[in-house]
Amino acid sequence: TPGMVSAGEKYGFGTTATAEEIQGWDIDIRPDGKGLPAGEGSVADGEELYEQLCATCHGLFGEGEGRWPVLAGGEDTLTEERPVKTVGSYWPYASTLYDYIRRAMPFTAPRSLTDDQTYQLSAYVLYLNEIVDEEFVANKDTLAAVEMPNQEGFFVDPRPDVKNNRCMKNCADPAKLQIVGTLQGVTPVGHFVEGADAPAASHQAQEEKERSL
Amino acid sequence: TPGMVSAGEKYGFGTTATAEEIQGWDIDIRPDGKGLPAGEGSVADGEELYEQLCATCHGLFGEGEGRWPVLAGGEDTLTEERPVKTVGSYWPYASTLYDYIRRAMPFTAPRSLTDDQTYQLSAYVLYLNEIVDEEFVANKDTLAAVEMPNQEGFFVDPRPDVKNNRCMKNCADPAKLQIVGTLQGVTPVGHFVEGADAPAASHQAQEEKERSL
Amino acid sequence: GAMTATTFAGTAAASKNLPPMEPSWGRQLGAGVVDKPYGQPSAYEKEVVRRTVPWLTAESIASISMTPIQDLKGIITPNGLVFERYHAGVAQIKPEEHRLMIHGLVERPIIFTMEDLMRFPSVSEIKFIECPANGGMEWKGAQMEALQFTHGMLSCCEWTGVPLRVLLEEAGVKPEGKWILAEGADGSHMSRSIPLEKALDDTLVVYAQNGEMLRPEQGYPLRLLNPGWEGNTSIKWLRRLEVGDKPWYHREETSKYTDLMADGRARKFTFVQETNSVITNPCPENPIVKSGLIEIEGMAWSGRGKIKQVDISFDGGVSWVPANLKGLVLDKALTRFSLVTKWDGQPWLLQSRAIDETGYVQPTLGQLREARGTNSIYHKNSIHSWKVEANGGVKNVQIS
Amino acid sequence: GAMTATTFAGTAAASKNLPPMEPSWGRQLGAGVVDKPYGQPSAYEKEVVRRTVPWLTAESIASISMTPIQDLKGIITPNGLVFERYHAGVAQIKPEEHRLMIHGLVERPIIFTMEDLMRFPSVSEIKFIECPANGGMEWKGAQMEALQFTHGMLSCCEWTGVPLRVLLEEAGVKPEGKWILAEGADGSHMSRSIPLEKALDDTLVVYAQNGEMLRPEQGYPLRLLNPGWEGNTSIKWLRRLEVGDKPWYHREETSKYTDLMADGRARKFTFVQETNSVITNPCPENPIVKSGLIEIEGMAWSGRGKIKQVDISFDGGVSWVPANLKGLVLDKALTRFSLVTKWDGQPWLLQSRAIDETGYVQPTLGQLREARGTNSIYHKNSIHSWKVEANGGVKNVQIS
């Protein structure tokens, strides 16, 4: 009867994926090494490739050109006012490096690297961060075995972590309120503030004035 | 206290409209003549003006050129398969004619007529419909006094007028179902039916095939 | 759905973009943010547009276009696809110079700027708007070969504005005031008489649709919205509201938008859009492409309130099964219904029948014709029929 | 409102378009129907656009833009204004060649075409999407001078698609399956690990927004939607879902989208967008232009469910009055609040404080900073403060 479909019945839409189809798209890597392909790459080969493909944005030493991401350094800055979060200072797992370079880098030509090249670049970025030495050769065993400095630095979200009360009256001492104004001239407000304009939102203005992020 | 606004208090937004401001915009006419301005217009003057401003679309005799609206004729067609609803055959009040010409005609130059011209054209369209004779001069008294043929032809919406039941089974005799298909080739379906296309939706195709509206 | 009419198989089989290959779009960068400060649909959705039937009117400036409801999902109509109805084309109004005048039988006649109106507390409501001529081409027989043309004079948006009641209280309606004339600022100065009762009930004066300011096509910067009533009463480019003691009997409520009965007499002030429904999947534009399970889906709406139930028939109305309502069920808004079933090539005579919260049951075409004849043009809300053929094709038919 | 920042008076006074004159648009015809088969906003609404803050990112292809929430009404964000977040720009995907692969710990790995996905029964739900970095520029101090930049990484649409649960049942998740990796087809191949629990709860795989197919900017033709969770988990241009027994710890869930605490340790899998609210009228872009009655209006939202209550303070949090919720109050959707009051030039320190159905009360900035320091970038949902000055101007301030 129309309108009568047995519970639990499958729709049967789509086609079964073949092993070959899956393999081409199954690019992800996990901390336990699952997903790492065959092949290998040395720090030395990585250096050459990095200078060719990566240094223009990320800097020769991973220091980052202009506002492009910094890839190395930042040790012991995580409690500072301006933490520098890099592969070395922040990332918990080396597998993430292989995974991310493979899926997203180089920025302008994602998915263009071979598996070996990705091992080379992973090895070199680890080397730039002084996590491996110059003899290091990355492969699916050695990379999965790398221990990252900040591996223990993460814990599961404990929110809700803050408990406000629904106070309605006398919730604060009006005499003691501290009011801090906006840092002016760093956001583009030319569309509604007369006189204000885009220059205020340029990178230059920001470098002088930016407080955070 | 914030959040406390006395009930019934007015917002006081906007400005009071002056009599002059109102007068310029208060263009509407009612069947009882309310809204009709001073001035007047004869059938004879109307004829000249109509031929100048209206006949290209509505035809010399109000018969309508091409698909432009018919303004005259259609008496006694309201029960026919293809009723011709015009000022003469259908409209209940002459005031509507003055009102509509004043607010919307001529199509390409709305609000361009003087009050006298509007009287002239109202008189002439009534004359085309044989509702007034050639001596007729429209003004706020004579126009309000015109009795239209179909004045009694309207009654207030009695809906809901049809009562269907929520029958679920054996609601009709399957053997007696009459299925009538679509008149093909009058709607533009070239965007999803291969081979079908816009020509089928042209005015010409329609004139040959159209069943209704 | 938006893409069902396209053939996927052919091109795809030969493509370098299918697994296990990395598609071309995964190997390159796309445009950055604010490349389009105001976004557009994908270039692949070009077919999802408003369409008109040229022969319906003398030309496009006093005409109508239909929403591609065959391609829409959920209950919101995106602003770019809301159906159009013009009597003098789209007015291009400078919002700073637009005014709403309220006068007539009031204590204090007022002129509002847009800024004044937007200072009032606002309300936002999801409501359908439908032209009473929706489906009207089919009184005498089926002649529209596509859902967009049989039911597309219909849209549903979230509208924001001020209850007309609030503005009338501001002006102070005199005790003699019983009707309101609403008038547009466009070249047609479209005018309709609205009973004060409706105006004080749920009529809104709106300036926004789906979050942003009204589109020019929908009356920018201001329109009336009479929820559940024929669309033409919701005057666009609204500039004037006059309170009077009697209706005006203007051209759009005498010559047009009156319903001619078989006996030659006509109904006037036929405001309400009664309960209606239509199946959107399958439909002529969305044929069934494969055997197996299928979701019969559609939309129902009622100008008198909420949809309570929709039933579906597969055999031309002989027997019916209840469908499920899905998503939000709101007052005077489009409401989705759904029924999952199986199709294995059997011919169907598909119908949907909506029931609203007043208990009104959507009538058959036969019942409507019996009560009204075939000349009434407007308010054809009868049960609609699709013939599903053995190849999955869908045709508009009438069953009696 | 969209137009409050413009000066009306000057130009208008001298205009021939004001009563008693007949405006120019009443004396002419406008464009006819289907002049724009897909419509656009009025030319007078050019300022209502997405905007970015250039210095936030190296360039626009891996960047973010903000929705002009200061100009929006109601709860629906029109598709053209939904905020953007890209890691490799907007992918331009041929829908016929797009595939969704589900594999990993499943009985039967499947590849779906768009046509396959659109055959499943669909659901449509109004849900907000917010970037967890919304407001994140303000942890250390107020630096954004406009509402669009303090809270504009936020939109709310009606989304249509298939519950992920249905697709997972189709593939048959093995008992060991506990996490799902979702991956995009764009150049960044953005990837996030989603707990199976969420996937089986309310996660959707969506192909339409506000009635029409997804915009390219929002992942055309397919995206994930994790209601109430940080926007980046709702992977756009979705092409792959792998079921696994553990999370993947990819770049977007380690290097990014983890929240660094004052002690140097960081929170991971901080998915929920907690209860938040902001006043949209007045705000920096919508100063108070006249004394008298004013509707204080704003929006509230919670990733944990419905909004239950919003309070407003005029004195920087010393005392509070309850506001009214208005319109639809939906699960994980924007919800409007409102309070009508009077302003006669007195300075205000305006705040809003939302409470959701779990009883969670939106915290103060002080409380958040005390718990988390100022380096956590994400999830800054604290009570926001606007300083209303004697001239009606509104400034972004922080109060402690």
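For the reader, a short list of remarks on this structure follows.
In order of appearance the chains are A, B, C and D, and numbering begins at 1 in each one.
The definition used in the following text is that a residue touches a chain if its C-beta (ideal position, glycine included) is under 8 Å from a C-beta of that chain, and two chains touch if they have at least 3 such contacts.
Predicted, not measured: the structure shown is a model, and the values here were computed from it.
By the document's definition of touch, common neighbours of subunit A and subunit B comprise C, D. On a Cα centroid basis, the chain most remote from subunit D in this structure is B. Between subunit A and subunit C the centroid-to-centroid distance comes to 46 Å (mean Cα coordinates, whole Å).
Between subunit C and subunit D, the centres computed from C-alpha atoms are 28 Å apart.
With centres set at the average Cα position, the gap from subunit B to subunit C is 22 Å. Across the assembly, subunit C contributes residues 18-19, 26-29, 51, 61, 88, 101, 111, 113, 119-120, 187, 189, 293, 321, 340 that each touch 2 or more other chains. Residues of subunit B in contact with two or more other chains: 11-13, 17, 21-22, 25, 107, 110-111. Taken together, the touching pairs give a contact graph of some other shape, not a line, ring, star or complete one. Those chain pairs judged to touch are A-C, A-D, B-C, B-D, C-D. Taken together, the subunit C residues at the contact with subunit A in this complex read 18-22, 26-29, 292-293, 312, 314, 321-323, 339-342. Of all residues in subunit B, only 10-17, 21-22, 25-32, 34, 57, 66-69, 78-79, 81, 83, 85, 87, 90-93, 95-96, 99-100, 103-104, 107, 110-111, 153-174, 177-184, 186-189, 191-193, 196, 201-203, 205-207, 210-213 touch subunit C in the complex they form.
The touching residues of subunit D, when paired with subunit A in their complex, are 5, 47, 51, 53-58, 61-62, 87-88, 101-103, 108-113, 116-117, 119-120, 136-146, 149, 166, 169-170, 181, 183, 187-189, 191, 239-240, 242, 244, 246, 248-251, 254-255, 258-260, 262-272, 274, 284-285, 309, 311, 315-321, 349, 353, 355, 360-364, 367-368, 371-372, 374-375, 377, 379, 385, 387, 395-400. Across the interface of their complex, subunit D is touched by residues 1-5, 9, 11-13, 17, 20-25, 107-112 of subunit B. Of all residues in subunit C, those touching subunit D in their complex are 1-4, 6, 8, 11-12, 15, 17-19, 23, 25-45, 48-52, 59-61, 63-65, 71-82, 84-86, 88-99, 101, 111, 113-115, 118-126, 158-160, 185-187, 189, 207-208, 210-217, 220-221, 237, 289-290, 293-295, 297, 326-328, 336, 338, 340.
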